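A, B, C and D label the chains in the order they appear, each numbered from 1.
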Amino acid sequence: MKGVAGMATGWSREQMATRAAQDIPDGSYVNLGIGIPEMVAQFVPRGRVFVYHTENGLLGMGPAPSAGAEDPELINAGKAPVTTVPGASFFHHADSFAMIRGGHIDVCVLGAMQVSARGDLANWSTGAADAIPAVGGAMDLVAGVDSIFVITTHVTKTGEPKIVEECSYPLTGRGVVSRIFTDLAVVDVTPRGLEVLELAPGVSFEEVCENTGAPLRRLDR
Amino acid sequence: MIDKTVDTPAEAVSSIVEGSVVMIGGFGEAGSPIELIHALIDQGTRNLTAINNNTGNGEVGLAALIGNGQVSKMICSYPRSSHSKLFPELYRAGKIELELVPQGTLAERIRAGGAGIPAFYTPAAVGTSLAEGKEKREFDGREYLLEHWLKADFALVKCETSDRMGNLTYNKTARNFGPLMCMAARTTIVQARVIVEPGEIDPEHVVTPCVFVDRIVEVSEPLHESRLIAEGRRYP
Amino acid sequence: MKGVAGMATGWSREQMATRAAQDIPDGSYVNLGIGIPEMVAQFVPRGRVFVYHTENGLLGMGPAPSAGAEDPELINAGKAPVTTVPGASFFHHADSFAMIRGGHIDVCVLGAMQVSARGDLANWSTGAADAIPAVGGAMDLVAGVDSIFVITTHVTKTGEPKIVEECSYPLTGRGVVSRIFTDLAVVDVTPRGLEVLELAPGVSFEEVCENTGAPLRRLDR
Amino acid sequence: MIDKTVDTPAEAVSSIVEGSVVMIGGFGEAGSPIELIHALIDQGTRNLTAINNNTGNGEVGLAALIGNGQVSKMICSYPRSSHSKLFPELYRAGKIELELVPQGTLAERIRAGGAGIPAFYTPAAVGTSLAEGKEKREFDGREYLLEHWLKADFALVKCETSDRMGNLTYNKTARNFGPLMCMAARTTIVQARVIVEPGEIDPEHVVTPCVFVDRIVEVSEPLHESRLIAEGRRYP
């Protein structure tokens, strides 16, 4: 397996977020995880409107406030200050997770430590003996939201594949991921296995396969 | 901007098809989406399963929908009214099925449907004839019944104010089942006395967030069931 | 058994409601059933405040409005027009029955067709073959509210006792009634059986026993 | 009139005794009832089971309560913070017990406690290590876990406005767990930024009806956790 970190080709973080945003339909209710997933909100395709849900009780979340305008009681699930857009609403945690568990949120974009060939997701714990286990709302999100998108680098900093046959880290949910956006490719999780929908510019199918720990099929389109 | 408004009650209910499960808001006449129900009567869609606390009054609204033979099954807590004989007559004639549910269990089953909770335990109806056939279980030394979620294909709900995105507020005790039914239906259709622009409703005051609403029609002067009944009116 | 209907002694409907109101502590959250129970609100002892809950979504219910001031969207569980008092709140049906089922309402006063020696209540159906079964919120109320008070005439219009060894009508709940206020007496349901707490003026313990279908003990106080 | 106000946070928390289960509102610092927590630290009550989404930040508020050795067990979803080492140190030293609950399950278990629902089924955590030891059951071909209600002896909640009877409104995302915890505790203690007379809050805008509230204290200028941390403050 080749180190991808040194590759000049492939998508940047911004491009991964941009690519994921393209697959979210107009008018969707969207929950974005911390990190690269949050950047999706900066790259909404022209002509589309997404409504953002944050599980700590706000639908209609807007961007971060300007410096000095932060309100410690208006924050997102990552506990960062946010704003509201017209048409926003506040609600308590049980109502917020009723939206999630009840299937009312259309798309959730999350980061990942590992995704398996069957769409199992590991993104909450390394399982290390001395780690403080902390799950937050991740298990509720993957169990409740219809489309779970993952944005992640294709391999870890040390070059290990993150898309694997079986997750070795503790699972967040089984068979929950529908699509994976990495710096190298867009990969669909299907009943027939993993299918590469698209390759980043300058990246070959073979390179993607070399950096993936599970079999991939290439979709002819 | 997301705009879920449509022009007429007829257009709002047009996607309701034969055999649908339809939740209908309201407790008595308070919160009854009478214009949406009348549009459904005009449309003539049959073989519906209707979920409402009651079975309507007089010969208008829900009672008229039942009287018109469009409802094959009612799920409700109190199918009796001093003002309507339409449900009792069909029920005694074996022409309509009834699932009787205690009112709090009905509300909670609808909320569970909306919240993705397939089943829960409740103490209501333990030791009564309504517990027959239901699974019992003891928690902390007390007996409870297992109750399942209720979901619907459509919900018809009346609210006071909606913005174009579908954020809703209600009027007094007309709130009742509305917020729950909005959550539990695949397609939620709302008649609003007033439609405003997004942002005009304070985010702190929204009762039903827009994610639960699919279609909104303005009915600025809704009919009042009790007045129609006092006037001896019937629909159609 | 003697017909009670012809007796000149015993409490009136108003007096039954007054007597029941005396046993509700100051500051209680109270749900009143239709009929005589509703009259409790007219006879609150001086110095006490009760907050009224109606299960269709209002806490802080006030009396009926004056003629012409009725609002068809401000009604009680009996579907009669009501008003609000300062400190009222509106909520949906799941929240309303969370108050009931969760044990937050202190006292519920109901009518009865029959009450058994163990506190079983029958008040929703005669069980007749051609009756339209209609339960409303009665089963939720008796299962959820701590103190269930019953106000009822001691016997039916045809002189049959309503307090019985076993209810013959379909039950609303088992072992739920804590106290019964009739035109003849105040009767407590205890683990030791039914105990007469108080007799209406001019009514003897023996008369009460003759009109009751279950054994009674007299409390010496 | 019913008047549930008391004069000081110290008086408000005075009935909390050793070994109590205490729900504490807030998601991060938003909605954290910091003055009530500090009063509980002053009081020194020990062996508490604390329920909160997190485990506090810095060395103030909930983190300080934990750091002061008053909490023997935490029930929460996310006991990690970039700003506090107090919980991790005690946890690694085996001095504090942790029950980790997915956030939505935590919220629903608290609501269930308040709503008299002893148990319910949820899809969250199915197939994960957090499902170990939990009862599984299939509904409509999907697997769910049985989860039990959470109740508490006390709840400490921060709100925006309360009337003297205890009708509450909240501020933005500081609402979070507050309305649920008010329902689920035997005694609910609230700090309000403003206390008003009954009737001053529109009945349509009340978020927590007064039946769920037992004691209210006005804290008109509450401390902000993040500012205290930025200033390097610790409590006491």
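As a working rule, a residue touches a chain if its C-beta (ideal position, glycine included) is under 8 Å from a C-beta of that chain, and two chains touch if they have at least 3 such contacts.
Only a predicted model underlies this, so the values are computations on that prediction, with no experimental measurement involved.
Chemist: Enumerate, in label order, the chains that touch subunit A and subunit B alike.
Modeler: Both subunit A and subunit B are touched by D, going by the contact rule given at the top.
Chemist: Touching both subunit B and subunit C: give me those chains, sorted by label.
Modeler: D
Chemist: If I rank A-D and C-D by number of C-beta contact pairs, which comes first?
Modeler: When the contacts at A-D and C-D are counted, A-D has more.
Chemist: Could you please state the distance in Å, as a whole number, between where the Cα atoms of subunit A are centred and where those of subunit D are centred?
Modeler: 29
Chemist: Once you find the CA centre of subunit B and the CA centre of subunit D, what distance in Å lies between them?
Modeler: Subunit B and subunit D have C-alpha centres separated by 34 Å.
Chemist: Could you put a whole-Å number on the gap between the CA centroids of subunit A and subunit C?
Modeler: Centre-to-centre distance between subunit A and subunit C: 56 Å.
Chemist: Pull out every residue in subunit C that's touching 2 or more other chains.
Modeler: Touching at least two other chains: 58, 90-91, 94, 97, 100-101, 144.
Chemist: Using the touch rule from the top of the page, what residues of subunit B touch 2 or more other chains?
Modeler: 108, 111, 115-117, 122-123, 170, 172, 203-204
Chemist: Could you list each pair of chains that touch, in label order?
Modeler: Touching chain pairs, listed by label, come out as A-B, A-D, B-C, B-D, C-D.
Chemist: Quick check on the complex: what are the subunit B residues that touch subunit D?
Modeler: 108, 112, 115-123, 137, 139-140, 142, 144, 148, 169-170, 172, 203-205
Chemist: In the complex, go through subunit A and note every residue touching subunit B.
Modeler: 27, 29, 49, 51, 53, 58-60, 84-91, 94-95, 97-105, 144
Chemist: Show me the residue ranges of subunit B that touch subunit A in the complex, using the header's touch definition.
Modeler: Going by the criterion above, the answer is residues 1-2, 111, 113-117, 163, 165, 167, 183, 197-199, 203-204, 206, 209-212.
Chemist: Which residues of subunit C touch subunit B in the complex?
Modeler: Checking each residue of subunit C against subunit B gives 54-58, 71-76, 79, 90-94, 96-97, 100-101, 120, 130, 132-140, 143-144, 170-175.
Chemist: Which subunit D residues qualify as touching subunit A in the complex?
Modeler: Answer in residue numbers: 27-31, 53, 77-80, 87-88, 91-92, 98, 100, 102-108, 110-111, 122-130, 170-180, 207, 224-227.
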